[in-house]
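Chains: A, B and C, in written order; residue numbering restarts at 1 for each.
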Amino acid sequence: MGPEALLETPARPGSRGSRRAGRTLGTLRVLDFGAVSPVRSQSLWHALACGVGRGSPAALALCRPAQPYVSLGYHRPLADLDLGTCRRRGLPVLRRLVGGGTVYLDPRQLFFQVVVPPDAVPAARSQAVAELLGPARAAFEAAGLPADFDQGELAVAGRKVCGHGAGLVGGAVVVVGNLLERFDAAAAAGVLWAPDAESRRRLAGRMAECVGPDPTWPVDAQAFAEGLVSAYAEAFGVTPEPGGLTPFEERVARRFDRLLGSPAFLCGPGGQSETQLTERRRAEIWTVKVRAGVVEARVVLDSTVLRAALVGGRLRDVVVEDPEGDQDPGVATALEGVTEGSPALEALARGGPSAARAAAAAARLLARARGGGE
Amino acid sequence: MSEDDAVAGPTDDGQLVRVEGFLVRLDLAYEPDGHLWVAPPDGSTGNVRIGLDPLGVETTGTVAHLVVGSVGTRVRRGEPLGSLEAEKFVGPLVAPLTGVIRAVNPALATPRQVVEDPYGTWVAEVLPEAWEEESAQLVRGADRLPAWFADEVRRFRLEGVLAQ
Amino acid sequence: MSRSAGPWRLLVDDGVGAAEGLAVDEALMASYGRDRPPREPTVRLYTYRDHCALVGRYQHLAAEVDLERARALGVQVNRRPTGGGAIVMSRGQLGVAVVTRAPAAERPRDLLERYAEGILRGLASLGIEAGFRGKNDLEAGGRKIAGLGLYLDGNGALLFHASVLADLDVPLMLSVLRIPAAKLADKAVAAVAERVTTVSRVLGEPWDGPRLRPWVAAGIAEATGAELEPRSVEPEEAELASRLVEEKYTSATWLEQRSPQPDATASALVKTPAGLLRAYLAVSGDVVKSVVFTGDGSELGPAFARLEAALTWQPLEERAVAAAVRRAVGEDPSAEGVDPEALAEALVEAGRRAASRELAAPMRTGSCYFPEVTTR
């Protein structure tokens, strides 16, 4: 079974078509999968989607991975990962059929999945995701995290508290999310490939700063689970009905158990090759999206290494290393807060050669970041 | 897209018109459900180029990834030709025609190009197996296209998918 | 917290055989799978027959147990579905199993701590002050008194398991389990006694599993807020258990299973003002699985027992190891003036050496009461 077979479409390419969004859902199945192995924390809801795609009622599911692991968004390259570290830490690596980034998942994250037939949501993707994630806001509030949507993500005081992804899986629309009870920034940064130790250190710091609730905030997972069920039941106007997987879904889950971590599937839909992996690692610009609007980056240009975060399109925490340059600390300061096309870049470009190199590196990073919609 | 000039006149080259603020090329055929454009078969190779139309791009959101099956793969109309990710949503790119993939645009490595230039950035070249029958199910013709496109824009606005 | 509505089922049995004891635990889990209606948890408080040697899920049977000696002594041998080291079970140890379906909202680790809290309260009501040591042990007076484990099956059922040392026949354990370091020590029994204690030893009178049972039952009821109602195994569960005995727990395939990732071991020698200190490490991947310290002849202070526990399951990284060493050793005079930085460095170096080495099976990973100390 290839991944394409799992991206089953309705018989006719019709989900964007004339059927009006917001079809009434008959009922909402609620499935609590409990604490499960890494692969089951993915395979169970993939199978659930296949069931809903074949006509089973809409569903809300919950589970928690019993061990930490790493999950690649459907289109993310394996090159995102430091596979050696994953192997040494015994972390399974799985690819999922929904979008989003390459993420570290562990038992301090409670996963939820909302699965509906495609004609129950608007045809436009962004709207479908917003509509299906919307009710979760109330559950975060019940958990003690008064989250609001910030650039499409649920966040509290600038900290993302819910990772999410979505897709058409097995003919059903799925939105998955997690309640980050506590986020292990060091572990999460550790599994990602980084060009050097300093990049990884900065990445971990950036993550600690804007992902997961503040460690001092108490998070009530029980209240979250209860709040989630009532919020979605209310949003869909249906009565929740606790239940389990159908025999068909159980069978499909076993197929996903084998698929999601299989070497061929891990390579991804674009069939990423070793060459691409090497290319990426040689690339002059390295970026990791930490949360919406926040990217940690390193740019190499000749003898210059520029380290910076991009926050809302502005350079932050800029460090310039240039062993052949004059090590003018003013260059990094001048780049602080700079946006694409800013006059400060031009001014630097007219300065000495090392200032010009730093400005060019910054300009490349800003140009690359423009419109990146990951 | 704020311009609200209902059906405007042809632009310079006569093949491009502005409809409800979107540019529509009149020499192409359109897959109405997926909002893909399909160019007529190339005279020498018989291949057709396929891409996303501006309304498809607009309602998809910021495209993060666009992947098409490998060259040589046979695809069927209505089944996945590839996959597309926008706003963290992954969905199939549905083939408007049955045929064999003959080329994939290397420019897809930078999906932003599809957004910036939807007509200029073809996604795949397919050698169609049943062009005559299947192209009849696409929307085409300079007489039909402006009205059809305007209806589509209004429908998306009604559904709230497009801003008024 | 999902406190129970109805009473929990309490199962009691004594003198069970190795295969039967493990099979019943597993059969109980079947009732808590996703495909079954929700039900209240089951608490099983039981003892094994004298004696059974049980290795952990990923251990090599013959490497951990002297099979010939076991046969001669009539000791039954088997493999647990849970991880961890080799143990000897008998009437002297109370087996504690809690079987439930963990809802996603509860962390398995939180459940483990709640059930372990029940055991701690049971011991406290006897006047034994015990607490957590590392992740998977309970200790009293700096010595291990219970080992804990958690097992989740593919259907969403959860098994908490503990063995509480009401008593322990140390010479028998030493003769059946392969514990070279203990045997190398001048006084093997004393070496074990340094690390392990029992209810009998703390209270100064003979205790055993059945005698300890009501105290632990009351402790669990208190910690979980549940009422325990004595009942029996359902016919369907009994049938499944006997099938598991036949098809799994007495099959050679199960018993002879091998670890997918064998552990590597190495030792490190560190000079201290008080003499030479030898550390034996077992590492799995880049994680420390166990460490045992021995001095050159003299008994080591309690700081080292703390350190052994603190290092278990630490990542093999200078920073983590150094922090664990500083925490455990600190300014404690019983640490004999050891330099935490030098010790950490030596440990990590030895661990890396072990991890990088090509491994040859069989490898010993050790008993729960005395982690492995093979020299290579």
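Simple rule for what comes next: contacts are C-beta pairs under 8 Å (C-beta built on N, C-alpha and C of every residue); 3 or more make two chains touch, one makes a residue touch a chain.
Chain by chain, the UniProt names read as follows: C = Biotin/lipoate A/B protein ligase family protein.
Note that this is a predicted model, so its numbers are computed, not measured.
Visitor: Quick one: point me to the chain whose Cα centre is farthest from that of chain C.
Guide: B
Visitor: Kindly work out which chain lies most centrally, taking the average of its C-alpha atoms as its position.
Guide: Of all chains shown, the one whose C-alpha centre lies nearest the global C-alpha mean is A.
Visitor: Between A-C and A-B, flag the pair that has more C-beta pairs in contact.
Guide: So, comparing the two chain pairs, more contacts are at A-B.
Visitor: What whole-Å value do you get for the distance between chain B and chain C if each is reduced to the mean of its CA atoms?
Guide: Centre-to-centre distance between chain B and chain C: 63 Å.
Visitor: Just how far, in Å, is the C-alpha centre of chain C from the one of chain A?
Guide: Those two chain centres are 38 Å apart.
Visitor: Report the inter-chain centroid distance for chain A and chain B in whole angstrom, where each centroid is the mean of the CA atoms.
Guide: 28
Visitor: Find every residue in chain A that makes contact with two or more other chains and list them.
Guide: Nothing qualifies.
Visitor: In their complex, what parts of chain A are in touch with chain B?
Guide: 4, 7, 9, 11-18, 20-21, 73-75, 97-100, 122-129, 152, 164-168, 269-271, 370-374
Visitor: Within the complex, which stretch of chain B touches chain A?
Guide: For this pair, the touching residues of chain B are 31-35, 59-65, 67, 69-70, 78-80, 82-83, 85-92, 94, 96, 111-112, 115-116, 155-156, 159-161.
Visitor: Can you check the complex and tell me which residues of chain A touch chain C?
Guide: Those residues of chain A that touch chain C are 31-37, 40, 62-64, 66, 87-90, 107-108, 110-111, 221-222, 224-225, 242, 244-245, 250.
Visitor: Per the contact definition, I'd like the list of chain C residues that touch chain A in the complex.
Guide: Touch list, chain C to chain A: 1-2, 34-35, 38, 101-109, 152, 154, 156, 158, 261, 284-287, 315.
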